[in-house]
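Think of it as A, B, C and D in the order they're written, each chain with its own count starting at 1.
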Amino acid sequence: MANSAVVTLVQYGASLRRFGASPLARYLVIGAGLIAMTAFTVPDLRGVAGPWLSACLWCCLAYFVVEGGVRLRGASHAGGALRLLFSPSGIVDLLGILPVPIALLCGVSPPSAWLLASLWVLKLAQELPGFAQLARVFVLEAKALASVLVLFLIVLFLASAAMHLIERAGQPTQFGTLPASLWWAVVTLTTTGYGDEVPHTALGHLLGALVMMCGIATFGLWTGILATGFAAESRRSNFIQTWDLVSKVPFFQSLDPAAFTEITHMLRRVEVPERTAVIRRGRVGDCMYFIAEGEVQVDVEPVPVILGSGTFFGELALLGDSIRTANVSTTKPSTLLILDLADFRTLMAHRPELARAIDAEGKRRMSDNLRRRELQRQGSVVPS
Amino acid sequence: MANSAVVTLVQYGASLRRFGASPLARYLVIGAGLIAMTAFTVPDLRGVAGPWLSACLWCCLAYFVVEGGVRLRGASHAGGALRLLFSPSGIVDLLGILPVPIALLCGVSPPSAWLLASLWVLKLAQELPGFAQLARVFVLEAKALASVLVLFLIVLFLASAAMHLIERAGQPTQFGTLPASLWWAVVTLTTTGYGDEVPHTALGHLLGALVMMCGIATFGLWTGILATGFAAESRRSNFIQTWDLVSKVPFFQSLDPAAFTEITHMLRRVEVPERTAVIRRGRVGDCMYFIAEGEVQVDVEPVPVILGSGTFFGELALLGDSIRTANVSTTKPSTLLILDLADFRTLMAHRPELARAIDAEGKRRMSDNLRRRELQRQGSVVPS
Amino acid sequence: MANSAVVTLVQYGASLRRFGASPLARYLVIGAGLIAMTAFTVPDLRGVAGPWLSACLWCCLAYFVVEGGVRLRGASHAGGALRLLFSPSGIVDLLGILPVPIALLCGVSPPSAWLLASLWVLKLAQELPGFAQLARVFVLEAKALASVLVLFLIVLFLASAAMHLIERAGQPTQFGTLPASLWWAVVTLTTTGYGDEVPHTALGHLLGALVMMCGIATFGLWTGILATGFAAESRRSNFIQTWDLVSKVPFFQSLDPAAFTEITHMLRRVEVPERTAVIRRGRVGDCMYFIAEGEVQVDVEPVPVILGSGTFFGELALLGDSIRTANVSTTKPSTLLILDLADFRTLMAHRPELARAIDAEGKRRMSDNLRRRELQRQGSVVPS
Amino acid sequence: MANSAVVTLVQYGASLRRFGASPLARYLVIGAGLIAMTAFTVPDLRGVAGPWLSACLWCCLAYFVVEGGVRLRGASHAGGALRLLFSPSGIVDLLGILPVPIALLCGVSPPSAWLLASLWVLKLAQELPGFAQLARVFVLEAKALASVLVLFLIVLFLASAAMHLIERAGQPTQFGTLPASLWWAVVTLTTTGYGDEVPHTALGHLLGALVMMCGIATFGLWTGILATGFAAESRRSNFIQTWDLVSKVPFFQSLDPAAFTEITHMLRRVEVPERTAVIRRGRVGDCMYFIAEGEVQVDVEPVPVILGSGTFFGELALLGDSIRTANVSTTKPSTLLILDLADFRTLMAHRPELARAIDAEGKRRMSDNLRRRELQRQGSVVPS
């Protein structure tokens, strides 16, 4: 009996470890850590629940140490521990682990030392693929963004010098020095508008109105540049990520390069965890799926069909039947490529041979299905 | 005479019922309900017109109950009452009907209970097709938007921790705790700028300026992502909705798939209620219309021409005559497909055969018209 | 002598009338009227310069009456006075002329009556072509914009009801009624942030932060929709306006429809007043010009060359010589079509025959020039 | 020994002069000048470090005088001193040099006179190429932007006149005159929201809410126009700048014009200073490089390979090997053309002959490499 308890414990331990390694647990720990850290700066809460908050913070820190250790061991196995330490991810790990203990050792009071735990927020960015994309947009559009920044600085300096001249007599504490006037200009140009420094003269109002409208113009340019850059970058990154997956689907390998490129531009990649419903029976469908990696199960009668990597499903929705006729769910973590109805129709217009191939495959599968059902009716009973 | 009064009443009742089922009545009821609910929270108005407001609110609630009942009966006829209840639309219906009575039964005071009527605002979204589109944009761009959100959170936490350190000595009530400092950071990063918490030191001003500029950058990225996503989604959704309608127009059925796809991308769908003017004589025209569903009447002399589903009109505007020569109005609720002058010209350059077909049809119709007028002059008088 | 004085007066009168009919004079009068009207509301200025301001306002009003009369006479000649009165332009004219006198007649005090002169600002929009374009964007994207508006309203109502519940105990004057709370929600959702109503509780701060972030999201969607719509509309309107002009240039008439459409998409229309420099010698050029309407003079030695409607110039900049070799200026108000270097190169890659035609025309003109110079050297002296 | 000291001095002087002529030094001087100027307006700092700040400002001024002189001499050599003075760059130079001394000579107090040094911020824009691009966007979209501005003015005037009427009784100092009311309208329409003037009546709140929503709409339109314009302009300017460089690469000269145009649209220009790493061994690569101007060194064993203008490298990353196999760095200031993986794949689909050419060149180079290594093994020892 003690034996079975140990087994149970081991089992619980294993599933706990598995949960601990999951991204969900990671985000929960980061969230708990940040909330505890925030609460720890409020004297009232510290008075009521100080030890609990402290314990929570230490637990989070321990979790990050373990996580960093696991990552380091993985890297040293692959032989690149030092490289890891100086990679962005490694630096974020170190920033999450070291500052707080060092500050405490240096004699900083705990509430101040734990403020450094706000660096844990950087861990949120550690495994986000979208970040590389955003960074690329900033790098590619650097010249244009720098021009907007210089425009911003020019308006800032000239406006604050002028406002300083106009308002310094009337409001010496608000506009008496250029730094104070610059603060007003920043607050106004960004359309934040705290209202702690406001011009009072007619001329000041006129200048203020001009600065606000420059703020909108600057803002518009900035947004325009980022929107342009982001559109290009997002098309590019989707294409590159999809290309390799598309190569794995046999159905596409027979395509000539131009058709291959065209369909790669159309497909959208989606990662589906294990045992998740992809298609629900009775819903309206407007896309078909190709399985780049993984496996799905189609719940048709009498026996569910298993479709492996390289096959496709849901094509009936694109060939006329918009109501899904069966549930489909993943049996393994899978990477699916989605072909949308609109893209499918465009593709079919340019490449009718593709439509015929998909149609033939669909019919073949349907006849398979009928035959299997026929066989079942004739003899064997298959338990559900 | 009493009989005729009953008939009149029945007739009024019928037209009232028809009005009550129209979207306009629905929006009026929702609007009246929200206004009454808002007024009900003001003690002065409650003192003056309390019973009237209360009556208005109960009427609106009754209307929603009836509406929900009608919808439920419709669904149960079709056999899916339960599915309706758990659909977004059903949940919105329940949220509009149940909370207020339940709150009143639980003994909540009427002014507080009727606050729950603010949930009626959700009914505005119930039948808006654009919502699905906006939701899709958020889903498709989820990864990129999440990256921007994480960027936002990182700046938020680091800035408020730093500001807390800088300003807590000078302004203990404003920046003395991290939650207070976080509030400042949110207000500043979103460029809202209430001005209830403002840094006073030079270092605080510098950090504040940085945070505002980060706010603009974040904002720009966010807008860029949504703009990109929305552009793609709007093209896609227009294409899909138009495709099925285009298939119904015989004129397009002879086109090869590539031309069909091309013209589907160009056409814009518009739904016109009964007895509405589509073209006014003497106006400058820059588009032609295909009738996907419904019927229009062209007011040509001597007898108006009726054009049914699958025909087109207004093509003269694209073939040289920019001034409309006749009034055209719908006789039934119709779905029209609009082909713009710019798109028409592009299309004609690629597909001259289409231009010829439209030209031929236009000429045929004109000769028809002349012949009919000739016939009329020779003999019969047609009552208008 | 009196006679010559009369002639001079008549001449001055004529040039004054010409100036008075010019757009510049119109904008000056509108500007002066708006400034005078604004100044008239300030008691101090009214005390100092009341009669002058009053006189200025009456002059502006007189100008608008004359302008309206001229417009009406023009329209009644063409037979559509009534139609004019009910057109947007006619309504703006009436709103500029009637309200102030009517208010004065009804016994409203002058400072209040002249406030109605703020309607003159509508006259700025009267002759702006871009307005139709903006209006079209709003109409075409109406469904999507309505969805965003409904989203905005939903967040507005739910947030203000929640904030009313959270804060009404602590701040009864700021959040004690739903209208007050709605005012806070509008000010916050639009990121205006006056700071007159600010939540004070922790829960209120959390809700406020959420509302601000919703504000940014709504804003982003709104901007995205307008950006998408505007891009499409601007392409379309440029194409339509350019098409008719392109048809007038003989050089393009030989093109097949596809090439014609392609070049129409590339050309940009620009209207140049009389006697204006289009090209300056020695500057770097990156475009060529086609003359759709009007006339230009090329200052080549020995005699300037006059180029009329349908010809082109500045093509050397695209064929290798980036430094302009001669001044070119208009001799009549002209409409030019600009072909940019980037578009020219793309065009040349697809349509090499066009490049050859432009090249041949350029060479022919150069040899013409040489021959003429030769002729001049041999004999006749042409006065500049 | 004195001789060597002089030599050292001369050497230091030369390297100092070289540094002084570099853009970095220029930006440092501008930055120092602006900071000193800002500090000089604060009485406390002037008391503590007045002479130092003053000296710093005079030094910066001297630097700008020298810089202007060098520029002028360069221009007068080329024969265009006057033209330079009236060019934007020349005016900025004059604005940086003259105003402060003139103000001091006119007897303005130093702190006020040095305020004019804020004009130095204009020097930041002097050599930024992106500025011309931004200016072009504003010029090309002028009509649309003017429409938005007029819309803004209309809302501004009508809203402030209405708010003046509504609120003047309750808040005579805030809304008693139209100028004061206009100030509120500007602050609100730009969503700045200082909060110094806030409507208090219910009607005022309603109008205020409308104005804020108009502000968002105006903002969205403005951003949309700039985004559209910027996207087009950025494509155009990249194409033009790249075209000339592409012509210099022999590999592209054999392409037909359509392919040439296509690849020019894909390439991105980047300028790399001397001795800078372009590719790092072991990194993941997703682009290849063409050398338009300059020279790079590929660190392959046993002897580094030097690649000159017109060659390409890094192509293995696009042909299957995503891990870089050698370090590549520039030996001279170089201009590289980058071809991205996504564009490369699209290009290969349309132009398979290009893929074959790149493949062949890659193989040729690899065999070269092998042969050289072979030669080295057989005999000669090459010093690294």
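Just so it is clear, contacts are C-beta pairs under 8 Å (C-beta built on N, C-alpha and C of every residue); 3 or more make two chains touch, one makes a residue touch a chain.
Nothing here was measured: the structure is a model prediction, and the numbers come from that model.
Both copies, chain A and chain B, contribute mostly unmatched positions to the interface they share, with under half of the numbers common to the two. Chain C maps onto chain D through a rotation of 90 degrees [Cα fit, steps of 5, range 0 to 180]. When the interfaces B-D and A-D are ranked by how many C-beta pairs touch across them, A-D comes first. Chain A and chain D have Cα centroids separated by 30 Å.
Centres computed as Cα averages put chain B at a distance of 42 Å from chain D.
Multi-chain contact residues of chain A (touching two or more other chains) are listed as 179, 182, 191-195, 219, 223, 225, 227-228, 231. Of all the residues in chain D, the ones that touch chain A in their complex are 34, 37-39, 41-43, 112, 115-116, 118-119, 121-122, 124-125, 128-131, 133-134, 137, 152, 179, 182-183, 186-187, 190-196, 219, 222-223, 225-231, 234, 268, 286, 340-343, 345-346, 348-350, 352.
Interface residues of chain A facing chain C in the complex, by the touch rule stated above, are 191-195, 223, 227.
Looking at the complex, you find that chain B touches chain A at residues 140, 143-144, 146-148, 150-151, 153-154, 156-158, 160-161, 164-165, 177-179, 182, 188, 191-195, 198, 202, 205, 208-209, 212-213, 215-217, 219-221, 223-225, 227-228, 231, 235-237, 239-240, 243, 257-258, 260-262, 264.
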